[in-house]
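Questions regarding the structure given below will be posed in turn.
Residue numbering begins at 1 within each chain, and the chains themselves are lettered A, B, C and D in the order written.
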Amino acid sequence: MKETYRKGIIHTNTEISPNIYELVLEGDFHGRPGQFYMLRGWEELDPFLPRPISIADIDSGKIKFLYEVRGRGTHIISKLKKGHSLSLLGPLGNGFDVKVEGKIALITGGIGIAPMLYLAKQLSGEVHIYSGFRNNAYFLDQIRPYVKAVNIATENGSVGHKGFVTDLFDPKDFDLVYACGPIPMLELVINMCKGITPVYVSMENHMACGIGACLGCTIQTIRGMERVCKEGPVFKGEEVVLND
Amino acid sequence: MTKVDILGVELKNPIIAASGTFGFGREFDEYFPIEKLGAISTKGLTLNKREGNKGIRIYETASGLMNSIGLQNPGVKGFIEDDLPFLEDKDVVILANLGGSTIDEYLEGIELLNNTSIDFIELNISCPNVKEGGMAFGIKCSTAELVVSEAKKVSKKPLIVKLSPNAENIQEMAYSCVEAGADGLSLVNTFNALAIDIYKRKPVFENVTAGLSGPCIKPIALRMVYEVSKVVNVPIIGIGGIISWKDAIEFIMAGATAVQVGSGNFIKPDITMDIINGIEDYMRQEGIKSLEEIRGII
Amino acid sequence: MTKVDILGVELKNPIIAASGTFGFGREFDEYFPIEKLGAISTKGLTLNKREGNKGIRIYETASGLMNSIGLQNPGVKGFIEDDLPFLEDKDVVILANLGGSTIDEYLEGIELLNNTSIDFIELNISCPNVKEGGMAFGIKCSTAELVVSEAKKVSKKPLIVKLSPNAENIQEMAYSCVEAGADGLSLVNTFNALAIDIYKRKPVFENVTAGLSGPCIKPIALRMVYEVSKVVNVPIIGIGGIISWKDAIEFIMAGATAVQVGSGNFIKPDITMDIINGIEDYMRQEGIKSLEEIRGII
Amino acid sequence: MKETYRKGIIHTNTEISPNIYELVLEGDFHGRPGQFYMLRGWEELDPFLPRPISIADIDSGKIKFLYEVRGRGTHIISKLKKGHSLSLLGPLGNGFDVKVEGKIALITGGIGIAPMLYLAKQLSGEVHIYSGFRNNAYFLDQIRPYVKAVNIATENGSVGHKGFVTDLFDPKDFDLVYACGPIPMLELVINMCKGITPVYVSMENHMACGIGACLGCTIQTIRGMERVCKEGPVFKGEEVVLND
């Protein structure tokens, strides 16, 4: 039997950059890089649905999440303090394959950086990270020890390259690409890598159950509709059908 | 103690997993033995496999959610081949939820299901009726009667008709369906609802409207079950916003023989187990030996 | 910038306080100058004074509430003598919300209101119709047509008919009311709903059912406003679960000229001021000069 | 203009007896004994309505409430901690008249004790309090300095008289009676005092607006339906029509 929603006691819940929080819960959690948990920081019926958040790191007796405050659910979670508890279900989804070799690029846009620390820690090849942000870079300090190179781009040029992270990256330099971020960025990365380097992307969609039963989170793939929460969130780039 | 009888089929308890919120039970069976449920209503089936709708399919609202899955399903044959065997291995009562956009589609589906081990057909008459120009079968009594009476002729399984709360008059609809041959009724399906993305200046859903469910609709659904129980003499399965044992007892007191839990499964995969335990505790505390004692008591 | 025109009457903004949630404005005027509102719809009036219902009148539900006030009100004459003068002193548009259980009651009420300074009559057709055995006027088109056409003959004020979401078919109902002479429509009133006290084994409300309102109903109300806007050409006032400027904009994009805020007033007496400010900010940000630009845009 | 909902920062929120909490907020609040505030300890839409709670005490820069956890709203409020804030509207209602003289009895049942500290502080006559509880007595230590005599009854006899508080009290000994508690107790007190001593009772009812507009909280009086939130919560005993 898998475990249903369980309580996690908050160890820290810190704003590490404007609107970006790092949440650490105490408890014995498990999961692979790229997998996620459904989080509920409230007992009431509004908000109704739990929120999917990727595993940012797992250490003995602790799990870390990195989240951006966007709407009501993440707002409520951001107000929770040490000692409070929240409910969570997981780990869910497939996750990134870490048994890979060669030169690997991690490409992130904004909060898409969330799963990359845990992923970088478990990859054994040579890892380069390319991270794009709107204004402020964050979370990279924690990732730096586990990667060969860190490349940063910000839209306003305040840190690193001014422009998009995809400007900095050449797929020919890598054997494998893992990407997480907004759809337009993923689309660009998929196109850049086409026929050159295999790329895997972590997809997002509104979820209800998180466990594969409601078919609410499906996306189009070349095989038909597939569930982000079950067949994903990590999909092979060329198999995703994007048509916004 | 909690067992109930529906048309001669015994359910261990009155809690049924609602169609479309529980898949075919596989995912939930990883969280609790689904055999503990009174019954399972399958994801809505159609004669042929369907890919479902494009665009956003799930949208949260105040104490509820809207969905526009669009009946993504493997088709009746696919279900019989790939999903039913899994359910047959479990000791659990099965409602095959069946939709269709023409009467022939329903009838062919029923004929395929007739020769299987499912216990009930739950006829979902909320799907858009292609012939009537997209209006669902479940809005006007006359169209509903047509599909139900044809279905009844063909079906070898007890026929439970699932009513839409968008029906013009829920009492008349219930009465018509029973007159047309429904052996039981389940209600309600989702409410037709709208959400707008004010920045895109477009509806959130590609189909414009979508179905509202969850605790937000409970007071209306409960009223409808109550009203329907006054005009028909067949078993009623109450549905709509049930997330606690108290909700379930309210529906039973309003006249339901059993209830279905839908959106509630999303806030906790084993919420049905909490509900069953809660009902048992309540019955013990109140000295209730059988749910018959409180059915329709208000 | 935010001003809107309803049948030749200019409202400073599209925000109207909904009937029954705002009294006659006196209590709220202590929290903000009620003149800042687009308009006020009075507590539902009946020809004669009414004491309202016994027992529990308010019951909280998920993201909403049920009420069974039972039209406690001072009667049309009492209103004209004791409450209207207060409102006349304010520079605010007034909708006199009028209910009745017989057509004559409506007509006598309208005649009394004809000679006052009120701007609109908002005809509440959700009250139980005594002659039809308790069923409300607002359920079947034929009964609604009757009361609306009689009311129109008598009324010297523009006549806004307030539709019930319990109507069998909201589009047909809207169309019938306009055909019968309604100058405008407001919708929705509360949804007929039920709550049960499982320990007392009785309905919570003495009248068994009561009216559901609040954010829980918003997605359904919004769909109804959208549907109605497709079939009539008169101004529509959208109502149902509006608690934020975003909700208000959604209703306008669905086709409403103005909106009413009801249950929202209970979570913050000056919530309407937040909504008006929010709309202004939104219009500035999006470069919208008049709400006409986005009305019915979806 | 009256003030709309304002924030109160939590100073303390302590369980002083099982399920009974004392909540102290920082800020400049005002109000008379017997008046109440509408409290909202959440930003979400569920629970939907605020909860009416009597003023338990007001000191410079602080307001105190005493509440029992009954349902979802009070449960949420009980979880709030120092530093959190909640929203409140008030003071509302009429309150008890404190410009009275003579020998006064305060009669309370359970959490009906909530308004009595603030009331006792402001009364100038000779005040006796009669408090009934199910098992545990609470809050009386704070009231003791302001009253002449404290009389306690518990249903299980664990503290004070075993039985009802009305067993202890004789209306003939008093010039005025103020009572707050469950309806059956109030009914008994009203009947005991009939023709002997004037009695005022604080009534409860479900509320929506709290300011007199929705007519949701009305009770029957000899003058017709009256609003607990506006004409009440304190009513003259003989004017209330009780018919359960």
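Rule of thumb we're sticking to: a residue touches a chain if its C-beta (ideal position, glycine included) is under 8 Å from a C-beta of that chain, and two chains touch if they have at least 3 such contacts.
Keep in mind that this is a model prediction, so the values were computed, not measured.
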Number of hops, chain B to chain D, where each hop joins two touching chains: 1
Touching both chain B and chain C: give me those chains, sorted by label. A, D
Report the chain whose mean Cα position is at the greatest distance from that of chain A. D
Give the chain pair, either A-C or C-D, that is connected by more C-beta contacts. C-D
Could you work out how far the Cα centre of chain A sits from that of chain D, in whole Å? 51
Please report how many Å separate the Cα centroid of chain A from that of chain B, as a whole number. 35
I'd like the Å distance between the centres of chain A and chain C, where a centre is the mean of that chain's Cα atoms. 47
Per-residue multi-chain contacts in chain B, two or more chains: 61-64, 214-215
Residues in chain A with touches to at least two other chains are numbered 45-47
Is the way these chains touch best called a line, a ring, a star, complete, or other? complete
Footprint of chain A on chain D - complex, ascending: 42-47, 72, 76, 81, 83
Interface with chain D, chain B side, in the complex: residues 62-63, 215
So, in the complex, the side of chain B touching chain C is made of residues 61-64, 66, 168-169, 191-196, 198, 201-203, 208-209, 212, 214-220, 222-223, 226, 241, 246, 249-250, 253-254, 282, 294, 297-298
Enumerate the contact residues on chain C facing chain D in the complex. 20-23, 27-28, 30-32, 43, 51-52, 54, 56-65, 67, 69, 72, 214-215, 243, 263, 265-270
Note: in the complex, chain D contacts chain B through residues 45-46
